[in-house]
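Structures for review follow.
Look at the two complexes coming up: subunit A is in both, with subunit B in one and subunit C in the other.
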Partner chain A sequence: MSFLHIHHVHKRFGETHVLKGVDIEIEKGDFLVLVGPSGCGKSTLLNMIAGLDSISEGELRLDGQRINELHPSKRDIAMVFQSYALYPSMTVAGNIGFGLEMRKVPRAGRRAAIQRVAELLQIENLLKRKPAQLSGGQRQRVAMGRALVRDPQLFLFDEPLSNLDAKLRVDMRTEIKQLHQRLGTTIVYVTHDQIEAMTLATRIAVMRAGELQQLGTPQSVYDDPNNLFVAGFMGSPSMNLVPARIAEKAGALVALIETEKATLALPIVRDRQALTDWCDKAVMLGLRPEAITDPASANRDGGEIFEADLEVDLVEPTGADLYVVTRLGGTNVNARMRPGSPPQSGTQTRFAFDVSRMVAFDPDSEARIRDRASVGSAPLASSA
Partner chain B sequence: MSVATSARAASSPGRRITLGRAILYALLLFFAVLYLLPLYVMLTTSFKPLAEIHQGNMLALPEQWTFAPWREAWGSACIGLECSGVHGYFFNSIKIVVPAVLISGLLGAFNGYVLTKWKFRGHKIVFGLILFSCFIPFQIILLPMARVLGILHLANSTSGLVLVHIVYGIGFTTLFFRNYYANFPDELVRAAQLDGAGFFTIFFRILLPASVPIIVVTIIWQFTNVWNDFLFGVSFASGDSAPITVALNNLVNSSTGVKAYNVNMAAAMVAAVPTLLVYILAGKYFLRGLMSGSVKG
Partner chain C sequence: MSDTASPHGKGVRERLQHWLPKLVLSPSCVLILFFVYGFIAWTSYISFSDSGMMPDYAWAGLRQWSRLWSSWTWGIALHNIWVFGLLYIVSCTVLGLLLAILLDQRIRAEGALRTIYLYPMALSFIVTGTAWQWFLNPGLGLEKTMHDLGWESFSFNWLIDANMAIYTVVIAAVWQATGFVMAMFLAGLRGIDGEMIKAAQIDGAPAWKIYARIIIPQLRPVFLSAIVVLAHLAIKSFDLIVAMTGGGPGNATAVPATFMYSYAFSRNEMGIAAASAVFMLAVIAALIIPYLYSELREPRS
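And now, the complex of A and B:
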């Protein structure tokens, strides 16, 4: 029995169908991140879990109990809002203690609880201040304190870091992760930032247009995407998507990619069974930038390396890495190489493809082409 | 906003006073004097003995200062047949203004809260209808209101006037608070709901304490309107229950031969002082509140 069970949940606002039957299950202690572009329904789903939006169809279960009809305050859920939603006329202590006060916790107990949370979040010196006198990061902490103090079964975070500047965002991200590890709480977290999703989550739910695209661990979503959308959305820089043709050459299956000078034949090692049916048909190949490298930094232990000389179009150094852009199948392709001795643009250089990490998609339906028994695959409604 | 920037511009060093500026300031000064002149005449006249007024120089300062006209206006001037000054009517007005302002303000705040944070089907129509009441001329409702007050046995009483002013004020107070609360983040209400606060707790603990600017606007607006009202006062309350505006009118019209201009002026000042005080004490919030309610939307 899962701890939070979102079962076939629909949401309709009049004619518009915002959520089209979402199924998600997570266990106690999980950190679920709902990620997707704006308008995908992730915030609506969060509000429905909180009880702030009604459920048009389907069922929500928390710890085995149906909570569809339960009032927000009775669900034992706390939420951190995007704008923090601190009560402007109350002090920090008043803000944190308000939920306890409403639950008729006596004054002494309240004070102790506020103190405990303030120590945890290192905001003891701010307790007497008003929200207007706090910086963005401090407000964020108070908002989290208000959720933590009630010690609820489930925490909801609605894009909590989106109002912070870049550096603070990374710091707070680390802190949220530490807090989760220390307290072992169950969290549902909404963001449109796929890096936040990757770093924080124990499970990621990628959503688009009211539909769940994939649910799984961050690594499985990253390495084994269900479809073109997930492949393109997760990862930065994003996955290279290259049009190709499957063919048989000397008894082996290859993917033929047109380049300006010649045709590249990448051997197929992954999902070989499924791709046999795609012989002489067009597919879309997906290769992460880190799966295309210079020969020296190629992963020869676990991977299967195929090398080819290609023309360098552009070189983008980022300091830690060097992104080399070349053209394959008519699109730009990013390769991650070692910094140090960058190849000149316009010259030929040797690229190493880790074909064991190559995935293929149906260009029409955008679905992944994968072997049925492929290891590590995460079908739509997977659960741990 | 514009006030702040112009103040900064004026105080910035090295700004030269050009001819245009000089003309502008001269004009402003001229109009300021023009507007203040009646107040000046009222004040000086109220401190002059009658004999000095009859000399005819209206603009001169009193040669002999006297508080007698003020004492008379407050305590012994004749209004109709009663010769006990305006003080009784002054307190009548207080008795009308305080409950009328408080109750209409509270109802308006409540309407604004419901119309923005607990939207229901047709909330726009309801707001439109409430707003419509702002545009109804006073004169139209005189007869029906008199009938209603008669049925309620509130005719000729201060309570009746309080009711009239509450009903008439709700339109404006609702408008003020609705616009203010429309910019009040919904997430706060949602957060309070999750914290376990109910409908009234959210209103009294979260929204109302954060509404000081618009409360001040409402108080000034309602206080001024109710205090300065003459038409409702003269129509629905006569004799002992009349407000001070009506008493002032009666005082000026109760002629006993010689017109006591100094007493009239003193009585008029008594009638005007409360609204002046409210403006002076709360005026700086007035602009700020009006801005926050209307500009940012």
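And now, the complex of A and C:
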């Protein structure tokens, strides 16, 4: 029995179908991140879990109990909002204690609980201030304190970091993760930032246009995407998507990629069975930038390396890495190389492809082409 | 600014550009200085003079002021303005807030209802006063209608009852201004972050507590504006009372403004009238100046 069970949930606002049957299950202690571009229905789903939006169809279960009809205050949840939603007329202590006060917790118990949370979040010195006297990061902490103080079964976060500046966002992200690890709470977190999703989640649910695209651990969503959308959405810089053709060459399956000078034949090692059916057909190949490197930094232990000489179009150093842009199959391709001795643009250099990490997609349905055995945890929502 | 080297014509045009705005604005400045501040000064002087029917510039010290404060009618007028002002401000604020909260429940036809409530503000006080005078007149309005319908024992004669007449003025004035106050509160309510209300719902606060603890405290600036606007309307109230009761029955609904008018123009006591006018100005200034100061200062901080 899963702890939070979102079963075939639909949401309609009049004619518009915002959520089209979403199924998600998570266990106690999980950190579920709902991620997707704006308008994908992730915030609506969160509001439905909170009880702030009604459920048109389907069922929500928390710890085995149906919560569809329960008032938000009866669901044993707490929520942190994007705008923090602090009550401006109350002090920080008043804000944190308001939920307890409404639940008729006596004053002494309230004070102890507020003190405990304030120590946890290091905001003891702010308790007597009003929200208007706080900085963005401090407000964020108070909003989290208000959620933590009630010790609910489930925490909901609605894009809590999007109003902070970049530096503070990274710090708060770390703190939220530490808090989750220390307290072992169950969290549902909405964001449009795929880096936030990758760093925080134990489970990621990628959504688009009201449909769940993939549900899985961050690593499985990253390495084993269900479709072109997930492949392109997760990861920064994003996955290289290159048009290719599957062919048989000397008894082995290869992917043929046109370059300006020659045709590249990358050996197929992954999803070989499924791709046999695609012989002589066009596919879309997906390769992460870190799977295309210089020969010296290629991963020869686990991976299978294929090397080729290609022309360098552009070199983008970021300090830690060096991104080298070349052209494959008519599109720009990012390769991540070691900084130090960058190749000159316009010259030929040697690239190493880790073909064991290469994935293939159906260019028409955008669905992943994969062997049966390696099918991920969630059913594929194809957009055919 | 070195015109010395430039040709003569350009200097004239530049000087014109420099002076034009000042020239255009100066007539209205002069008019306001004379007709507003000049007459304020003149009235203030008259209140310290011996003026009767005509202005008399002989200095009389505080004689008119002491006569004003020992006047029995002035006492009634002050008492009435307290009763009227307090009831008017409190009723308008409470009813306006209540209407705004009810209108804010995402009801249908909100636009039409808002207009209906706001419409009395479009009428002049004279029209409001006359209409309510007809409506409350025992021989003409509500009471007669009830009698005609067969309810013989119905009686509502506050308008001609010296003890109750001031309350009829309150009813008419509240009817007129409540919609306006409602519009102010409605704007304030619309400015409140919806996420905050969601947070309070999750915190388990019932609707009335969300209003009492979270929403209404945030409307403090609206309360301040509403009270200042209503207070100065109350002190200035003249036309409504003249149209509705004429200050009567007897002196029962006299207020400082009607007092001033009758002493200046029918009782030939210009000095006392001037003193009462200056007193009203002082009270309004005491309300408005701190308010304007706090409103105009805010953007800079």
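Criterion: the second predicted complex is superposed on the first by the 374 of 384 C-alpha atoms of A that agree within 3 Å, B and C clash if a C-alpha of one lies under 4 Å from a C-alpha of the other, contacts with A are read in each partner's own complex, and residues count from 1 in each chain.
Methods note: a residue touches a chain if its C-beta (ideal position, glycine included) is under 8 Å from a C-beta of that chain, and two chains touch if they have at least 3 such contacts.
Quick caveat: nothing in here was measured; it's all calculated off a predicted structure.
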Subunit C versus subunit B on the shared subunit A, clash or fit after superposition: clash
First, second, both or neither for A:73, with subunit B first and subunit C second: both
First (subunit B), second (subunit C), both or neither touched by A:3: neither
First, second, both or neither for A:323, with subunit B first and subunit C second: neither
Partner chain(s) touched by A:98 [first = subunit B, second = subunit C, both, neither]: both
On subunit A, positions contacted by subunit B and by subunit C: 47, 50-52, 72-73, 77-79, 81-83, 85, 87-90, 98-99, 102-103, 146
Residues of subunit B touching subunit A in the complex: 185, 187-188, 190-197, 201, 205-206, 209-210
Of all residues in subunit A, those that touch subunit B in their complex: 47, 50-52, 72-73, 77-79, 81-83, 85, 87-90, 98-99, 102-103, 146, 150
Residues of subunit C defined as touching subunit A within the complex: 193, 195-196, 198-205, 209, 213-214, 217-218
Sites on subunit A touched by subunit C in the complex: 47, 50-52, 71-73, 77-79, 81-83, 85-90, 98-99, 102-103, 146
